[in-house]
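Consider the two complexes below, in which chain A is the common component and chain B and chain C are the respective partners.
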Partner chain A sequence: MVHARRGSIGRYYDVNGWLFVAPVLGLIGLFMIYPIVWSLWMSFQSGRGMMMKFAGFANIVRLWNDPVFIKALTNTMTYFVVQVPIMIVLALILASILNNPRIFGRGLFRTAIFLPCVTSLVAYSVLFKGMFAPDGVVNSTLAALGVISSPIPWLTHPFWAKVLVIIAITWRWTGYNMIFYLAALQNIDRSIYEVARIDGVPAWARFTHITIPLLKPVILFTTVISTIGTLQLFDEVYNLTEGRGGPSNATLTLSLYIYNLTFRFMPNFGYAATVSYVIVVLVALLAFFQFFAARERDK
Partner chain B sequence: MDNLARALPRIAGFALASVSFLAVTAAEAKEITIWCWDPNFNVAIMKEAGARYTKTHPDVTFNVVDFAKTDVEQKLQTGLASGTADALPDIVLIEDYGAQKYLQSFPGAFAPLSGTVDYSGFAPYKVEVMTVDGQVYGMPFDSGVTGLYYRKDYLEQAGIKPEDMQNLTWDRFIEIGQQVEEKTGKKMMGLDPNDAGLVRIIMQSAGQWYFDKDGKANVTGNPALKAALETVGKIMSANIYKPAAGWSDWVGTFTSGDVAAVVTGVWITGTVKAQPDQAGKWGVAPIPKLSIDGATQASNLGGSSWYVLESSAEKAEAIDFLNEIYGKDIDFYQKILQDRGAVGSLLAARGGAAYEQADPFFGGEKVWQNFSDWLAKVPSVNYGIFTNEADTAVTAQLPALTQGTPVDDVLKAIDAEVSAQIQ
Partner chain C sequence: MTNGIGRAAGALLTYGFLGLMAFLSVFPFFWMILGATNSSIDIIKGRVLPGAALATNVSTFFTQVNAPLVFWNSAKIAILSTVLTLAVSSLAGYGFEIFRSHHRERLYRAMLLTLMIPFAALMIPLFIMMGKAGLINTHIAVVLPTIASAFVVFYFRQCTKAFPSELRDAAKVDGLKEWQIFLFIYVPVMRSTYAAAFIIVFMTAWNNYLWPLIVLQSNETKTITLVISSLASAYYPDYGVVMVGTVLATLPTLAVFFFMQRQFVQGMLGSVK
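Presenting the complex of A and B:
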């Protein structure tokens, strides 16, 4: 016993071991720890461009009085609350349909649905912009089908612009989540479904009582990943609105606001760092709540 | 054999000479890197300027890099913030609205040119935007003097003659717009609700800006801004505009022939003229006027200037180049005016032949003479250092304006946002 304990403590003093990991530790320190600590220090400074001064909690106070920040935060949370559930449910349904071996052209559909998330962000945003233009293919199709009488102002109306961003990110990321579910579904023993079928459990009940509970760890994982992704949402909004988050700041996200504070407005690196720490805190809190909620149901 | 023996030393000598020649040029050749945007305008003009300078200074070559405007600004700001000079060009183009922002927030980053350049020859308002604490930075370039470009053919169908377009008020402009739509089915203008450019044009035409002379916010008690917002609100509720999402979409509204008029800076001329099938169909008039005190028919939108980076290895050559071409070459200004529609701010250039010429694209009108007359009448204002912030606040409130929110409430909301941003 004593011998083994000495051995494990001894590992901490092994110079050779430290030498082996030193280069990596150095790089992590330089490229991860240093920027994190420095940006935290920066978030307590304020000023124009390079003329930074220590400002204490002034940046945090500024957050509360900043209507644009509140707007960006509300928008980001709206995307999160509306888009993540839609995407997760859609991905689950698609995965369980495409997991059925009797579906014709399974591989083709799986590839087609996964494909959006490997396309270039800029390319697809530009494509979406064209498709949803006032006289674009979406409006003309809807008009031809008689759904709408005048074109929907996708990019120029605050409400529809938000809807368009949600459509765009759902299109891109649903397939990505679906792949996780498909992989997880392969691990569920088919005999469980067979037994359920013999017992006369209907398809919908099999989905809600077998598939979903067994996929819970994967669902938790994808939810956390999607939460982080949505809170960091930038590219789609930037490209669809030419970097402005318009119309009327309706699509502005926290990340885009950070970009504006750093590159478009009078550069205030301190305040931008404060806003980015808001995202860090939000992601940490939301991930914690999601783990907490998932753990509760285990009992 | 004999021949070769005789030729050998000569070949060797020639080879040696060319090697040493190459070595000398390699040691002396300077490449000036320039960042700017708009391939039809700034990029093309800078290439022309570079070619002129290389003729007299063969050892200096130019590398004009073409980015989108937002990318130039972003890369410049990142480079300046990081403090690594390697990432920066020798010369960069900066829009006038942003000049003070860069000069004040990155002190020491740009080379002062006072003492080298004779600034008395330039339009004073251009020199003002690049002056900090008595030092002048940068080389004034183009003006954004505004005009009302209109389609003569569409207006004629609506019963409007070119003379009727000369002394418009904004209310009359909107009436004409309704008439044009009735008769031709075309909208009067393109409008991007995400771009406050039109508000800025109208506001400056009455001599006001988002900020007063001391740089303090000037929003709630600003009659010109109020009238500008009311005007844009009227244009929107009269529905005489074609909505555009973004710059290229907006350009598309008039290049495709969907709208009858464009109100913007003179730098758009090159883009208008890029449609040869529309030759002869366009006319240019002064912009409409507000019905308030101090209203004029002259205004400015955009316009930019060249700045030399203090950290540049080719600083001396870059300054000399700008001074030689942009500071003195009258002929150069005639060429870029004719080719690109660039109205420079070097006042002496306005006496040149090109300014007298009639433009066949505009049906033989002497448009350049008009633009330079209007340039002299542009009310000068203080752009301050927060124009981007104020602009964003205005675009955020435009939809509220069209939904019938009273202008005073809109102004209060803009003021709240601007006050929160400027610190």
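Presenting the complex of A and C:
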């Protein structure tokens, strides 16, 4: 009925709309939807290489008893819980400072802080590996400043290797998030801040009571994007810690474990697919919680 | 009085913080360039002064790596991937705006949901698909899965909202077909949107690592990121040579960024509006 009333003009737009949208939908269907469904099917199969047979929930049972998987999951969640908040807060503070037109040289600061986003994940991982070498520039600087008495084993100690990964991702992505906040801040009327300033609202309160609430949709967006990024962490750990996941798997991530299961160990596509679905489920759950939390605070 | 001192302290704190952050952001680049001029041993020992090994490092790099081929491979993949992504995504971004079907928003939201699909969950099926199609070790296999990007479609749709509908209506009165409006009016008008999308997609494609690592197995097809990674993971990596490689690999994206910085920031603004 609705179609009949809209007549030929409606259909004209429909046909054109479909034609314009079809290439993307086709490609997404072929290279995303089809593989993700296939991956789900594979996660119920087991076997070496291409010789797979249905195994029911055997792979899921194996997850529970796989210490390497538990390690990779714990590491990934540690990166997520520690790194994402640090980065988001840092990016917010930087953006709100650099949004102030009275700040001298803000274009220069903005460019400098954004610069890390230009590098490839591989190139900066390699750089960081050199900078954080035992006698490297970071340790020698810290020693010269009197912060440490003996070099920190960044690359070989389970704890410090994790810290290094967190430092590295924060370096690479803070400026990226900052640009989103800056863009959003420029759509906010500056007079709100002026009024608050004249009323004697201190800078910190302006930040927590004006900036953060107004930026909430963008903060949510960047948090979800960062969550997805952290859960997929691969390039950095692969290149910082010799491809195996660091000292006693201390930096191993889920993505790296999947890669190892598929291409380094005896290929087991079924089990690797099961691990990959852990990431799918985590991303979905965390994104859902983040949307939910954002909605709750609205009320 | 106290207010003045407080303000001065605040300014000091603000600029100190900004300065420190800017320094920390830029220092690795500085160190990378210095590294290219130093010997491997000096780099590991944390030397932060220019050295005399630049010529040696460069010549070792060019003897160890078939640089023209490697750069050609990277450039081919990045440009092909960028052009195709922009074409397909801008069509869809425009399409979703002129689309009047009641399925539109549902379809759009379903498409955005694919943003949450992690690549790790796709890589095994994609690898098998490419194997069956006989595309392992080809650049097409690297490019194909990167073309459909929900994020870039989202970006184009957001920016299309600013495209004046009067322009479209006028063109329609003149008897232009939808594809003609797209090609001859939309594309030229949305130049800056394309420029910003170009930067983002080009950088992603140029820097892509995991998927090329899986698909490109022979030395003839490898990209610069793969080569740097393998140079650095040698048992005794020659860091001077690695630094030459990272400088060369970073230059194109740095150049694109500085050349198109204004469009980039404008583009980001457009996507948040």
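Throughout what follows, the second predicted complex is superposed on the first by the 271 of 299 C-alpha atoms of A that agree within 3 Å, B and C clash if a C-alpha of one lies under 4 Å from a C-alpha of the other, contacts with A are read in each partner's own complex, and residues count from 1 in each chain.
As a working rule, contacts are C-beta pairs under 8 Å (C-beta built on N, C-alpha and C of every residue); 3 or more make two chains touch, one makes a residue touch a chain.
Keep in mind that this is a model prediction, so the values were computed, not measured.
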Contacts of A:W171 with chain B and chain C, given as first, second, both or neither: second
Which superposed partner A:F263 touches (first chain B, second chain C, both, neither): both
Partner chain(s) touched by A:L94 [first = chain B, second = chain C, both, neither]: second
Broader residue contact with chain A after superposition on the shared chain, chain B or chain C: C
Contacts of A:K129 with chain B and chain C, given as first, second, both or neither: both
Partner chain(s) touched by A:T241 [first = chain B, second = chain C, both, neither]: first
Which superposed partner A:W18 touches (first chain B, second chain C, both, neither): second
Touched partner set for A:P67, first chain B, second chain C, both or neither: first
Chain B and chain C footprints on chain A, overlapping residues: 50, 129, 133, 242-243, 262-263, 269
Chain C-facing residues of chain A, complex: 2, 6, 10, 13-14, 16-21, 23-25, 27-28, 31-36, 38-39, 42, 50, 90, 93-94, 97-98, 103-104, 108-109, 111-124, 126-131, 133, 135-141, 171, 175, 179-180, 183-184, 186-187, 203, 218, 224, 228, 231-232, 234-235, 238-239, 242-243, 254-255, 258-259, 262-263, 269, 272-273, 276-277, 279-280, 283-284, 287
Residue ranges of chain C touching chain A (in the complex, touch as defined): 10, 14-15, 17-18, 21-22, 24-26, 28-29, 31-32, 35, 43-48, 88-89, 91-92, 94-96, 98-102, 104, 107, 111, 114-129, 144-145, 147-148, 150, 153, 178, 182, 203, 206-207, 209-210, 214, 225, 228-229, 232-233, 239, 242-243, 246, 249-250, 253-254, 257, 261, 265, 268-269, 271-273
Chain A - residues contacting chain B, complex: 46, 48-51, 62, 65-68, 71, 129, 133-134, 153, 155-158, 241-244, 246-249, 260, 262-267, 269
Residue ranges of chain B touching chain A (in the complex, touch as defined): 70, 73-74, 77-78, 80-81, 101-102, 104-107, 193-194, 243-247, 249, 385-386, 388-389, 392, 395-400, 416-417, 420-423
